[in-house]
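Mind having a look at this structure? Questions to follow.
Read from first to last, the chains carry the letters A, B, C, D, E and F; within each, the first residue is number 1.
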């Protein structure tokens, strides 16, 4: 699984959740996790969570992760949502290591009452995709939802800390998936 | 997914990891999570983790969980190991809620240097099985591994607390799997 | 599996066969069977049976069933067509119980020479869909096909009878699928 | 799918449900349906329905069907139970054509209160198997179950009629599976 | 698997790689291999190999093969690429039998430095598709790629020879897939 | 995919085709291809090709390959036989490069009338296995089959040449499987 950190600034507009985005835009072949800091403003025609139809999904600054898996063929959205949950739980643990105590409900992280993250999983016939992002600030988020950003939780957090956090998340996720594959090959089946 | 708590005392000898155990021994049809408190002494012929061959796998008192899933057909050991990881991460969170701070490496939980848990996942053609257990004490565990038990981590822990913990784990796991299924049905695919 | 009966009148225009229709239009999450009485006029751009291209597919009044399954991941059109056949055979049996003797060819029901039903199955990556409908009258059906309606087969049939029939079909189908799942969990595999 | 009728007399002892039986005993390669008339006495070690453990499963004379499918890889017990249900429903229809009115509960056929049939489905990693059999007489069936045989339902039934019935069943089943495959290739998917 | 040879002349413009093309254009139901001689000029909106975006993909005269498989459900692009490789290797062997010594790199055939073939595999939820084509001449191929045609490799090659070659390829491929299915049904699994 | 060459001498007795052999005997985790030179004498209880029952399967000296794949879950014997065919075709090509012209029938290689190779594929729920071996000499092969060995085809062949050949085969196979995976991630699906 390839890991890549983009330079800050790319707007997440929902187009990045489409299959093969990493190959078409970044030339990455095979499974990958791409991370960057940037705003979010999802175009309504790119919405893939039917519960979000009609909602504003915006934020001024987030740490984004786009994951694509080609290992499971045909792609399986059930597997993809299991991996999304693993990712969210890992992020929760890594936040705790830097002093931010979050709670989890499904695929959402909260700090206190404030919603810290957004996430979705989807797939085409040949790949499984996950988007996960953490607010850096609550600026630019919808008025009707109480939100919170990492910088508000932990004012001393530097850009370098955020970058380190995002790369730790990518590493940990990559290693966990590899670790699961290893476990398969040491287990007797019936 | 059915949940059942057995009365204390059943020895985990490895036979419970076999497919259809819950139906054959307890009359439970369909996917289930069964929990109980009891010792562990795995018969060498019941060993399914090839890394454990030749090792002693014992403990005087543990909280056991045996999970069987029939929803994925044919059964998929990769999916099963993903669910095992979800379970371990949830247990870590629930332990923290009762004041026990554990760390995770793969499918193992540790408190300090002491190994707190054992776990394995496996499958037949038609079902996926997980065994997960937490030491209540470090008594009866192998001499060559540093272990720790919940009662040593939290001396005030009563039998009722342990039972509550185990049922919380069963509930939380059951709800998570159901929650993932719900997410599938609200997501646009490509 | 959720069951829902809509109030009469909704036109079946083919859009209801699209994945997630039940969630988007009716707010139903998860697998479901929805039934209602209404006319049919399939827009050519909604045609998914390539053998029907260029044909008129209309009827003034039918009992419709729209089924969506999320249990099999990734969705499998072969499984979906097996379930369609089970549905058609069950409907045949339930019609016989109310005195209407139909015969079956593939996924079509006939009374005498008259075609009584239409049906199609399809899928996306994440769900399997079935449309099945019985003519209540032969009015509004294409001129070039001999058709028949339930009310012509059984003139005494009241609206309440039709509603009862449709709910019996939904119940029976739901129970059959659940029954198959139960059988899996009692069977030894090799 | 190959069809074969064996000469009468073979005891069904449960060994025929094992994968590759048709190849090992009859030299048949690929998917097949084999039918014959013979007694049944299932050896306890050949029992694969865990609900039948401890029960006597015997009959003096039955029409047996052993089906093996290799088309779905890896084999899927859920699919196999769907095909079993299709088979049972088809048999019910074909019995009606020769004047025997049966009712169905799950995978069992009844005439009046008498149980007419037995059936099981199972699979290995590479094939799906179904056994289905109809009592010709109620002789030799367990005392604690009310049973009935085809010859008791329809005293005029000759051996030739039974053979014709069994071959009709094999034909119809084979054609139905082929018909489903054809339907797949004319259907637009999303 | 059905085999069909079309009369020469059909332009391969990329639309033929779409699922169900053989049914919609030729009325062929089920898995098939269709072959014909004709030019190639792929419309940019029909491009499905993202590495080819922006490239000219043309040739004046090629032997084309369009394969569609419905046997694997849901369709699996990994399986499809395995079959594509088998096809390419078989073509290489059959060319050698008529005196043309090609070498293979991935899914491309070369004679000397000249690229002889193009190929792609893809799938929808319900079918797997392969396009493979051999240049008959290097005329009309892109200027920036060194290409070669069968007629340049083997000047004595008649139209009849080419047709025979294409039908041999179709035969051989069809038989190989059938042969693999047979092997499954004679093999013990664990 | 891991590659390993064992030192010469290990008897292939059929036990090496069992799932997890590479992990249990060699400590190799994950997908692998293992090669060595040694005799063959398959114990009848290790026979997994039902067509070979009752036959003597022996040879004094062969180059063996044991492949295990964990990437496809659940394991799929159809996929496994496709990979076996790819392997056999690649070996044929590599033999030609060292001047040995073989022909292929299914999964067998011949030089003239002499059978040069043996091969089988199988799987458990979690892994796919292939055994393939080339005779180095025809000594020790069954009397009732005409066989040939590499050393008889090419008398100048040294042990070093054989080792190089076997490692070339392992490399080429490993690269082909990786290449197929890459192709998946550059292809648009429908």
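Throughout what follows, a residue touches a chain if its C-beta (ideal position, glycine included) is under 8 Å from a C-beta of that chain, and two chains touch if they have at least 3 such contacts.
Everything numeric here is computed off the predicted structure, so don't read it as measured data.
Looking at subunit A and subunit D, the chains that touch each of them are B, C, E, F.
In the contact between subunit A and subunit B, the residue numbers used by both copies make up over half of all numbers at that interface. Taking the mean Cα position of each chain as its centre, C sits at the greatest distance from subunit F.
Centre-to-centre separation of subunit A and subunit E, using mean CA positions: 40 Å.
For the pair subunit D and subunit E, the distance between C-alpha centroids works out to 42 Å. Among all residues of subunit F, those that touch two or more other chains are 19-20, 23, 50, 72-74, 77-79, 123-126, 181, 184, 186-190. Chain contact summary for the complex, subunit B toward subunit A: residues 18-19, 47-51, 72, 77-79, 81-83, 85-86, 89-90, 92-93, 104, 106-107, 120-124, 176, 179-181, 183-184, 186-190. Within the complex formed with subunit A, the subunit E residues making contact are 50, 53, 74-79, 123-125. Contact residues on subunit C toward subunit A in their complex (touch as defined above): 20, 23-24, 73-74, 125-126. Residues 19-20, 23, 29-31, 70-73, 124-127, 181-182, 184-190 of subunit C are the ones touching subunit B in the complex.
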